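Note that chain A is present in both complexes that follow, paired respectively with chain B and with chain C.
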Partner chain A sequence: MPVFYLEIIVVVLGLVMLMVDAFVKLEDKRHIAWIGVLGLICVFFLLFKVEWPTTTESTFWKFYDHEEGTRGFSLFYKGIAVLCTIIVLIMGAEFRGVIQKYIAPPEPGAHPQSGLGEFFALPVFACAGLMWMASASNLVSIFVALETVTITFYVLVAYMRRNVGSLEAGVKYLILGALSTGFLVYGFTWLFGITGSMDLAEIKTALASENVNVAAALFAFGLIIVGLGFKVGAAPFQLWIPDVYQGAPTPITAFLSVASKSAGFIVLLRIAGCFLSSAYLSEKIGAVLVVIAILTLLYGNLAALPQKNFKRLLAYSSIAHAGFLLMALASPPGKSGGLNSPAVVISFYLGAYLLMTLLAFLVMTAVRNTQEDESVDAYAGLARRSPFLAFALLIAMASLAGIPLTAGFFGKFFVFKLAFENGASWILIAAGIIGAAAGFYYYLKIVASMYWAEGDDEADSISVSIPSKVTMVLLMIGILVAGVVPNAILSLLG
Partner chain B sequence: METDLTLNHFLMISGLLFAIGLAGVLVRRNIIVIFMCLELMLAAANLSLVAFSRFGGENGMPNYDGQVLLFFIITVAAAEVAVGLAIIVALFRTRETTDVSDVTSMKN
Partner chain C sequence: MSILEIIVFLPILAALAIGFGAPARFTALGAAGINLICGLVAAGTAKFTDIEVGGFSFVHESSRPLLDDPELALAFGLDGISLVLLILTVIVTLAAVWVSPAEIKIKGSTKLYYTSSLLISAGALGAFLSTDLFFLYAFHELALIPTFLMIGVFGFGENRKRTAWTITIYLGVGSLILLAGLIALFLNLGGNTFDLATLYETASNDVNIPAETQSWIYLLLLVGFGILVSLFPFHSWAPDAYADAPTPIAMLHSGVLKKFGIYGLIRIATPMLPAGAEKWANLVLVLLLGNIIILGLATIAQKRLDRMLGYSSVMHMGYVFLGVVAGTTIGMSGAVLLMFAHGVSIALLFALAGSLRDRFGSLEFEKLGSGLGKTVPKLGLLFGFAAFASIGLPGFANFASEVMVFFGAFQPMEKGDSLGFLQWAAIISLWGVVISAVYMLRAYRNIFKGPLASPEPRAADLTWGERIPVLLLIVALMLIGFVPEILLKYLRPALESLTLIGGGG
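Right, the complex of A and B next:
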C-alpha cells in the first residue's frame, strides 16, 4: 500500500465518524470515539506495511518526503501522531461528562448528547494533518499541514463554550496561533525569495552555495523560529502555554502537549537542518538556538517550582521538556549517525515524552471526573483512595523527572551525552543540569503529596473505565521497557 | 510595459504592512481589530510572495511556486476567520466583551 494512503484513510475515517454522528441514531455518542479508536489502531498496524515509490517522477512526490534516509523518521512521527490520537479519544470518551456539561443545552427533542460527536471526529482530522506534517518536504505542504492542525486545535481548545476558562484559552490560542502563523509565512516568503524554491532539498543546496545572501537568510530564519517557537513552546514565545493548557479540556491539553509539540519539532528539525548545513550560516544559527534553548530550560523548570495547579504544572513541564529537546537541537551534530545525531536523540525523547505525559494526563482525567478541583491538593492521599491511579502517576512522574529505569531517564541521558560529546557550550549544559535538578523537586512534590500527605480518606475511590485502565497499564509497561532496553524505541528509527 | 518599480519597492511596502499589522496586534485591545491586523500580516506575506515570484523568474516568466503558496495562504486565512469569528461570538455571548484586557481570569 503506497505510503500516502495512510493520510487518506485517516481523513475518510474522520468523515465516517461525522456521518455516523449525523445519520445513525446512537444511544450513547461514545461509540463514535470507539469507531475512531478501532480505525486508528488499524492505521497504526498499516504503518508497518507501507510501500515506498520506485519512481518519483510525478509532481506529487515533490510535496511528500520519500528520501531513503528519512523514511524511518517519517513513519516514527506518524506513529506518534496516531498513538496520541488513539489515547486522546479514549480520554475524551472518559471525559464526556465534563464536556457535556459545558456545551449548549440541547433543544427540546434533540439528542441529549448532541454536539459531542464532533469532539471525537476533530482529533482524527488533526491526526491526518500531523501525519502529513511528518512527511512534508515542501514549504507549501508544511504550511498547509501545520494550519490543518492549528485550526482544528482552535475549535477543540474552545470546545466547552459555556466554560469561561475554555473560551479564554480558545481566544488566546487563536490570536497567538494566528500571530505565529503570520511570522512563519512571512519567513517562508523570504526563504522562497532568497532561494527561488519551495522544496527543502533545493533550499538546502541554495543556502549552502557561496552566493547566498546571509543577512536575508538570517532574517528569514528569525521569522521562522518565532513562528515555530510558538508551536513548540520555546522561550520567549511560550507565554500562551500555561493559560491555554489550563483552560482547554484535559484530553485536548494532552493532545496539544504531545502531538502538536512533536509535529512542531519535526518541522523545526527539517528547516533548521537546511540552515545548519550551510557553512555560511551554521555558526550564527547555532548561537541563536543555544540562547533559545537556555532560556526555555531555565524558564520552564524554574517557573514550574511554585505551581499549585496540577494542569498548569504540566504546562510548565511541557515547556521544560521543549527546553531539553532544543538543547539536543542546539548541540553541534556529530560525525557518525545514530545517537550522535540530534534528530535521533530528539525522536527518542519525543517517544518517551509521549508515554509519560499521556499517562499523567490519563490519571488527571480520571481524577477530574470525580472532583472539580485541579490543584495539587486534590491529589493528597490519593494512594490510600485509589492505589492503582497513584501508582500510575508515580511511574509517570518518575519518568518525567528522569529517574533511572524509566524511559525519561534515557531521554535526558542521551541529550546530555550528545551535548557533552559534541562539545556544546558549557552554559547550555549548566542550564540543562539546573533544569533537571529543579524537575526532581516539582515532579516528586506530587508523589510526596499522594503518598504521605493527609487527604480526604472518606472520599470514594475513583472508578476508571476498562479502556483507560488498559491504556494506563500499556503505557506503564512502555515506560519501564524503554527504561531498561532503550533499543526498543531506537530500532524503530531505522 | 516597462516601469521603474523594482523588487525593493514591493518588499518595502510589504514590510510596512507587516509592521503595521504586528503593531496593531500588540497595541489594540479590541479582539476584532486584532484579528484584522493579523489578516494584514498575511496580506504582507502575500504581497512579497507575488513580488518574489514576479522578479525571481527566468526567461521573463514568473516563478509560479510562490503564487501557489499564495492561494493556499488565502484559503487558510479564510478558514481561520471562519473559526475565529465563531470563537469571538461565543466569547461575546458569555462575557459580553470583545476587549482582550477582560480576558484574564486565569492566574495561579
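Right, the complex of A and C next:
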C-alpha cells in the first residue's frame, strides 16, 4: 500500500465518523469514539506495511518526504500521531460526562449528547494533519499540514462552550496561534526569497553555498523559530501554555502536549537541520538554539515548582520537557549516526514522553470524573481510594522525573550523553542538571500527595472503564520495558 | 537464567506478587529467605579463576545485550567485592523484613510496607551485582521512591515529611552529579561500551585520560558518591533520615544502600581514574577526619538514641574512606570488610532500637529512663553485644576490619620513612574509637543499667520471633569476627586485580 494512503484513510475515517454522527441514531455517542479507535488501530498496523515509491517523477513527491534515510522517522512520527489520537479518543470517551455538562443544549427534547460526535471526529482530522506534517518536505506542505492541525485545535480547545475557562483558553490560543502563524509564514517567505525554493532539500543546498546572505538567513530563522517555538512551547514563546492547558478539556490538553509538540519538533528538526548544515550559519543558529534551550529548561522546571494545580503543573512540565528536547537539538552534532544524532535522541525522547504524559493524563481524566477539583491536594489519599490509579500515576511521575529503569530516564540520559559527547556549552548542561533536579521535587509532590496524606476515607473509590484501564496497563508496561530495553523504541526508528 | 539474575529479580517479582494480592509478610519473608540461600550458594559456587572476563564470575550466563552502539547489557557478575556486599545485603534484607512490624499495625497498608522494603533490597542487589556501568547506576536509583514513600507514610516524628523530602532531594541531586561524572568518564574511555571489564581494560591500556581531565571527573564522582555515602560535609541528610525512618528502612539504608557510594569509589573511580584519586587523596583525608572527629563529637551530643545511631553510622564511614584512600590491598580489604561489619552492626542496632521504641514509645534518653536491663533483660543483653560490636571489640567483624584499615594506612611506609599525611590521619582517626566507646557505652549504661525508675515501666521482653533476626545478625558478625578469612580470601584477588589495573596504589 503506498504510504500516502495512510493519511487518506484517516481523513475518510474522520468523515465516516461525522456521517455516523449525523445520520445514525445512537443512544450513546461514545460508539463514535470506538469507531475512531478501531479505525486508527488498523491504521497503526498498516504503518508497518507501507510501500515507498519506486519512481518519484510526479510533482506529488516534491511535497512528501520519501528519502531513504528519513523514512523510518516519518513513520515513527506518524505512529506517534496515531497512537496519541487513539488514546485521546479513549480519554474523550471517559471524559464525555464533563464535556456534556458544558455543551448540552438548554432546550428540552434535544439529544443529551448532542454535539459530542464532533468532539471525537475532530481529533481524527488533526491526526491526518499531524501525519502529513511528519512527511512534509516542502514549506508549502509544512504550512498546510500545520494549519490543518492548528485550526482543529482552535475548535477543540474551546469545545466546552459554556465553561469560561475553556473559552478563555480558546481565545488565547486563537490569538497567539494566529500571531505565531504570521511569524512563521513571514519567515517562510524570507526563506523563499533567499533560496528561491520551497523545497527543503534545495533550501539546504542553497543555504550551504557560499553566496548565501547570512543576515537575511538569520532573520528568516528568527521568524521561523518564533512560529515553531510557539508550537513546541519553547521559552520565551511559552506564555500561552499554562493557561491554555489548564482551560482546555483534559483529553485535548493531552493531545496538545504530546501530538502537537512532537509534530512541532519534527518540523523544527527538518528546518533547523537545513540551517545547521550550513557552515556559514551553523554557529550562530546553534547559539540561538542554546539560549532558547537554557531559557526553556530553567523557566519550565523552576516555574513548575510552586504550582498547586495538577493540570497546570503538567503544562509547565511540558515546557520543561521541550527544554530537554531543545537541549538535544542545540548540542552541535558531532560524529553522526545512531545515538550521536540529535534526531534519534529527540525521537526516542518523544516516544517516551508520549507514554508517560498520556498515562498521567489518563489518570487525571479518571479522577476528574468524580471530582471538579484539579488541584494537587485533590489527589490526597488517592492511594487508598484507588491503589491502581495511584500506582499508574506513580509510574508516570517517576518516568517524567527521569528516575532510572523508566523510559523517561533513558530519554534524559541520551540527551545528557549527546550534550557531553558533542561538547555542548557548560551552561547548557548545568541548566539541564538544575532542571532535572527541580523535576524530582515537583513530580514527587504528586506522589507525596497521593500516598502520604491521610485523605478522606469516606470518599468513593473511582471506577475506570475497561478501555482506559487496558490502555493504562499497556502504557505502564511500555514505560518499564523501554526503561530497561531502549531498543523497544529505538528499533521503531528503522 | 543465572543465579545472580534470580537474586536480583526475585525481590521485584515478590513485590509485584504482593501488589497483586499475595500475602504480604509471608511472600516478603519467603523471597528474602530464598535470596539468603541463593546468595550463599552463589558465593559458594563462584569461580574466580577466569581472568579473561575481568575477574567476574557468572558473567557468561547472565549477560543480556540491549544495545549495540554504545554497547549496553543487562549483565550481572560476581567478584570478591560484590560477593561480600551480596552476603551483607541478603542477610540484612532478611532481618529487615522480619523485624517487628508494629508500625504497620498503626497505619495500615502492609502491601506498601513490604513492597518498598523488597524494592530497596532489589535496588542494592542490582547495583552491587551489575557489571554494566549503566545498570550499576540505574539499580541504585530503584530505592529512591520506596524510601521517599516509606519515610513519609510510616516514618516517626513530626518532621517525617520534611525528612523524606530532604533525603530524596539530597540524594536525587547527588545522583545527578554522579551521573554527570559517570557520563564524562564513559565518554573519556571511548564511549563505546558500558561493560566494566572492557572499561578497565581501556583505562589501563589504550586510553590515557589526561591528568587534568581525570581530576575533575574524579571530583564529580567524589561529590556524587560522597553525598550517597554521607561523606562530611554532605552528611546532613543522614542522621535525620535514619532517625525518622521506619525500622526496616533505617536498617536497609544505613546498613546496605549507603555502601553503594563506597562501592562506586572502589569499583569505578579509583581504578579508572588513578591520577584523579591521587590528586584528591588529601582532600578526602581531611573530609574523613571531619566524619570521624567532628561528627563523632556530634554523636556524643545527641539526646535521642535513633539520632545517635544515625550519627554514628555516618561517623563510621570515615574509617571506610581511610581504607580506600590508603589504597593498599590490606587497607582496601579492611574497607570492604568494614562495609560488611558496619552494615550488619548498624542494622542490628536499628533493629534493637526499633524494638525499644515499640515497647517504650520513645527513644529520648531522658524519657527512656534507666535500668531497663531489669525489665527487658534479653533485649539489654543483645543491645550490649551490638554496642560492643559497633565500638569494635575483638571477636566482632568490626574489630578485624578496623585493625586492617589502620594497618593498611601504615603499610606503604618503608623503614626509616617519616609519617606522611595518611599516617597522621590514621593516628587522629584512632581517637574515633575512643569517641565511639564514649557514646555507645554511655547510651548502654543510661538505658539498661542503673536503678529502675519508679513506677516501674512494664514491657514484654523480646519474643523468639523477634530474637531470630537479631541473632542472625549477631552470628554473622561473630563468625566473620573470629574467621575473617571466610570473606578475605575472596577479597584479596579481586582487590589486587583492581589495584594493578589502576596502575598501583
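Criterion: the second predicted complex is superposed on the first by the 489 of 494 C-alpha atoms of A that agree within 3 Å, B and C clash if a C-alpha of one lies under 4 Å from a C-alpha of the other, contacts with A are read in each partner's own complex, and residues count from 1 in each chain.
The working rule: contacts are C-beta pairs under 8 Å (C-beta built on N, C-alpha and C of every residue); 3 or more make two chains touch, one makes a residue touch a chain.
Because the structure is predicted, anything quoted here is derived from the model rather than measured.
Among chain B and chain C, the chain that touches a larger number of residues in chain A is B.
Applying the stated contact rule after C-alpha superposition, one finds that A:V50 touches neither chain B nor chain C. Look at A:Y154: by the touch rule set out above, it reaches chain B but stays clear of chain C.
Comparing the two interfaces of chain A, the one with chain B and the one with chain C have no residue in common.
Looking at the complex, you find that chain C touches chain A at residues 19, 66-67, 69-70, 72, 74, 109, 111-112, 134, 137-142, 144-145, 148-149, 152-153, 161, 164-165, 168-169, 172-173, 176-177, 179-180, 183-184, 186-187, 191. The touching residues of chain A, when paired with chain C in their complex, are 338-339, 383, 387, 391, 394, 398, 403-405, 409, 413, 416-417, 420-421, 429, 433, 436-437, 440-441, 444, 447-448, 451-452, 484-487, 490.
Only residues 139-140, 143-144, 147, 151, 154-155, 158, 161-162, 164-165, 167-172, 174-175, 178-179, 181-183, 185-186, 188-190, 192-193, 196-198, 243, 246-247, 306-309, 312 of chain A touch chain B when the two sit together in their complex. Only residues 18, 21-22, 25, 31, 34-35, 38, 41-42, 44-45, 48-49, 52, 56, 63, 65-66, 68-69, 72-73, 76, 79-80, 83-84, 87-88, 90-91, 94-95, 100, 103-106, 108 of chain B touch chain A when the two sit together in their complex.
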